[in-house]
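Presented sequentially are two complexes of subunit A, the first with subunit B as partner and the second with subunit C.
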Partner chain A sequence: MIGLEVLYQPFVEFGFMRRALAGAAALAMAAGPLGVFLVLRRMSLMGDAMAHAILPGVAVGFLTAGMSVTAMTVGGMITGLAVALLAAAVARLTPQREDASFAAFYLVSLGVGVLLISLKGGNTELLHVLFGTVLGLDDAALILVSATSSVALLVLAVIFRPLVMECLDPLFLRSESRMGPVVHIAFLLLLVMTLVAGFQVLGTLMVVGIMMLPAAAARFWAGTAIGQMALAAFSGVFASYLGLLLSYYANVPASPAIILSAGIVYFLSVTFGTQGGLWQVARQARARRLRLSRISQRDF
Partner chain B sequence: MATTKIFSSYPHSARRRRWLGMALSAVMLGAWSAHAVSRDPLPVVATFSILADMVKEVGGDRVHVTTIVGANADSHGFEPKPQDAKALLDAKVLVLNGLDFEPWLPRLSKAAGFDGVSVLASEGVKVRRMSGAHDHSGEKGHADHGHDHDHGHDHDHAHGEVDPHAWQDLANGMIYARNIAAGLAKADPRNASYYESRANSYIARMKALDNEVRAAIAAIPPERRRVISSHDAFGYFADAYGVEFIPISGLANQSEPSAQDVARIIKLARETGVSGVFIENMSNPVMAQQIARESGALMGGTLYADALGPADQPASTYLGMFSWNAGRLVYVLKQSLQ
Partner chain C sequence: MGIGVALMAANPLPDTPISAIELEELSLGWRDKVAVRNLSGCFPQGSLTALVGPNGAGKSTLLRGIMGWVTPLSGHIRLMGSSAPAFMPQQGDFDKTFPISTHDFVAMGAWRRVGPWRGFGRGERERLESALQAVGLSDFGRRPLATLSGGQLQRALFARLMLHDADTYMLDEPFSAVDRATTEDLMSLLLEWNRAGKTVIVVLHDLDLVRRHFPQTLLLAGQCVGWGATDEVLTPENLHLARHLCAGDYL
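Right, the complex of A and B next:
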């Protein structure tokens, strides 16, 4: 009976493991559902762009106020939103598509961010911020993450119907109501908010992983948007748990371990998923071949 | 021995040397004549803030010191900028720590074409190896701790095994001061006695502080002198003054500790009764706070390891830094006795 104890003993013994799990789970619960919408809108890479867009704001917050969670959060929100809105404005006002304008703005933002960080001369404090400290979450960071996730989930519930409509049939939504741009901006706001809260936990580079990987994996199991959202949230929490155990027993850094666990879930889903997974596709193809050959034998 | 190796790590081909020699002799001739006429201070480049302060103490107003890695900045992960190469080109003397502390220096000094006197401040120091008795980081070893060595150049010491933080022992600080004085005298022989007398008075102050620190620490029972620090920078201090440091991460600051590392440190702290958890002026405090919270140890405040504090703080000089560190340590160790 030594087996089961291994699964919960670190969390019982160490408060930092419980905090890490709580923080990562809270983040995953909001990030997964948001990721599902990005997948639906075919903007899977936008999360990545936005995560880089918050970099200069975080750097300015750090340079002016030091290791202040509030300053870095506010800074990240401002630049993240500015990039999102400017890119959306360019996409709406000019012939350029949204992906290109996003790429342009986030690259500029990334350049500014790296420049600002270099001004302080290879400061390792900021490196820790960028790569996250999931094992060092204090009360302020935990409250920030869980509050942000709660707000994100509530707002998502309110704008759910128009948002799904906008993803699947934007022309229909435009003909039905003028909510389109409002919903779009609200969604961007939630996205930036979650990413900014998430950099406390996993770092700006890794936070996108907990957003996109569970969402991409959920697509192979559930047919409806609601099902995918629930599944993405659940598998994100599961990946956090698995990653922390991996970090504990295999002696590897925690945030990459969490993202890799989410990656394993994704690869398993691609292979064995019941909604178009490789295994199922192969079986269906074989069944079809058999059926066809049976039909041809009967007829001739 | 170390010096020759350091110098051999800047290879010049014969042709390159001839070109450089011609260019540099022109530059140096100009600089030398200017120096002789107006008695301009000797231009010196120090690789990081602690060495820069030592050079200022030894050189007084006859040197002008430029620092490459400034206050509160980390030399381990430093990236040189063009103005650093320019400062190096203009300098007559380069003071470096050695012991793999400046992995970026060979490339920079080659790029800048530095051809003055190199002073290896740590020459003659008894080098501490990381695999010693105070290594608490288990079987992982230190080679994988993000300590970025420049493998393109041959060093005479084992990679990732040498502890470069030799200045954390005042006895080594005295060796540094002597080496710096000798190097300055070599580049500027007319002021040799000036440098030597300043070095001697500096060393006398180091001795006084050394006695003070020893006396203060002697008042604490040896089994209670155990603290946690952010990274493994106090090995020389530990050996010299008998305080045990348990590092959270390895030699460099960059590595992210795993959950296992953190759990091991917390366990160790709970079991052995650690007095305080200290952070360093360049590292992330949240990890240390987490460990203090869980082990019940005091948050000891900031220790200065690899860089001095800004000019308006007590730790803005080498001696100020040393007495600040020792003061914080003794204060926390005493508090936990009660």
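Right, the complex of A and C next:
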């Protein structure tokens, strides 16, 4: 019986653990499905870029208003969107490739952001912004994260059909309607929104992890976009729970522990996944070899 | 009947066709390269035209211009039909590995009727089934798109196009990735649509296929080399000229 208690006792005993679980789970439910679309559109790097891009805005918010949720959120939204649009514009108007364009912008953003925060704050503030405060979520942060996730999921449901078409066959959507650019911008908005809300929980460096890792893992289990989205959300929540437990018992920082858990889920999926996982690929190759050798034995 | 007679009377030449798409001194280009220069003419309603030319002749650009995705550098494109033309991309233009069932992929064709939010009623589902049947993919609806072969994928694209109900179909190299049998099957579908009165424009490389099935041909090589009856356009001189014109671009 002692064994089972270990799994829920920290959450029963401590309010901050319950808050952490609620915040991280709310974030994961929206981040995973959004991440699935990033993976499908081959824009994994873009999630990374945007997460870093919100840093200068957050820093300016911090410089002007201190550790205020509102100021940092507004600042993060502004620079996140600005960088997304600028990087896309550079990729479109010059021969620069989109991934290189995003990489350039996010490296600059990271530098500017860290520099700005260091102007006024010390290492504590810097760590808060980079790695989040999942164990110290106040009401404002918790409400922000859950409201943002709810809105993100609702909007995602509304634009789902054209968004799938935009990923799958952009020319087709273009021939049928003018929604393409609108859907693209809406998706970018959702992305920035979720990342900004998520940085309160996991920090700007770690928040992409809860978006990309569950999505990349879901690819190995589900054959449809819908299935991948549901699975990504679920495994993100599971990783949050696992990471918080790990952080509690091993006494390690919470947000890296959550990302580490998501990473473990990812590597298990790569190995054992039923949609092209390593194990399955190896078994199929072996079966093929056996079949071929049987056939050749029969022939000779 | 009365309308038909009135039309005939107003029209001194009974075989002068009504045009579906008119091009007037049209020039199209990307960035600083002009892909199509000074092209004039019309695709008559209900015509079946092959769009032929060497690589880089501006065939895809012309289709994209007609779809309105490339703004003309000069000149005009006039679309006469009530509905926008339906476009079929090349296989390389979309993500063949996207996790979606063949059924859902073909269902995209119903967009003009269902849009982003409406559900698929029984009418749409029947339409979808009959389109899948017409291209020979009845049993493939549940298969993921990524598992289809090149020929099956092309059949799925044709089924999707059938759901459109557009007046004009434009196909960009529909037979470049498929075997002979599939080509014959799909070609007979194209001819069927054309018999039903649709205007069909197809980018093709196989000149034998063009000579066998297409009454009209537009031979492009950055500019119009010939546009009219297929056997008058696809002469050795014209083909030589087309190759020569396109090679000049890269010398």
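Everything below uses one rule, namely that the second predicted complex is superposed on the first by the 293 of 300 C-alpha atoms of A that agree within 3 Å, B and C clash if a C-alpha of one lies under 4 Å from a C-alpha of the other, contacts with A are read in each partner's own complex, and residues count from 1 in each chain.
In the analysis below, a residue touches a chain if its C-beta (ideal position, glycine included) is under 8 Å from a C-beta of that chain, and two chains touch if they have at least 3 such contacts.
Keep in mind the model is a prediction, meaning the values are calculated, not measured.
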| item | value |
| --- | --- |
| Partner chain in contact with A:I159 - subunit B first, subunit C second, else both or neither | second |
| Partner chain in contact with A:C167 - subunit B first, subunit C second, else both or neither | second |
| First, second, both or neither for A:T204, with subunit B first and subunit C second | neither |
| Which superposed partner A:T79 touches (first subunit B, second subunit C, both, neither) | neither |
| Touching partner for A:E176 - first (subunit B), second (subunit C), both, neither | second |
| First, second, both or neither for A:F16, with subunit B first and subunit C second | first |
| Which superposed partner A:S255 touches (first subunit B, second subunit C, both, neither) | first |
| Comparing the two partners subunit B and subunit C, which touches a greater set of residues in subunit A | B |
| Interface residues of subunit A shared between complexes with subunit B and subunit C | none |
| Partner subunit B, residues of subunit A touching it in the complex | 10, 13-17, 19-20, 67, 118, 120-125, 127-129, 131, 133, 135-138, 141, 244, 247-255, 257 |
| List of subunit B residues in touch with subunit A within their complex | 69-70, 72-74, 76-79, 140, 253-263, 266, 282-287, 289-291, 293-294 |
| Residue ranges of subunit A in contact with subunit C within the complex | 40, 158-159, 161-162, 164-165, 167-172, 174-177, 179, 219, 222-225, 227-228 |
| Subunit C residues within the subunit A interface of the complex | 67, 69, 84-87, 89, 93-95, 98-101, 105, 108, 111-112, 115-117, 144, 160 |
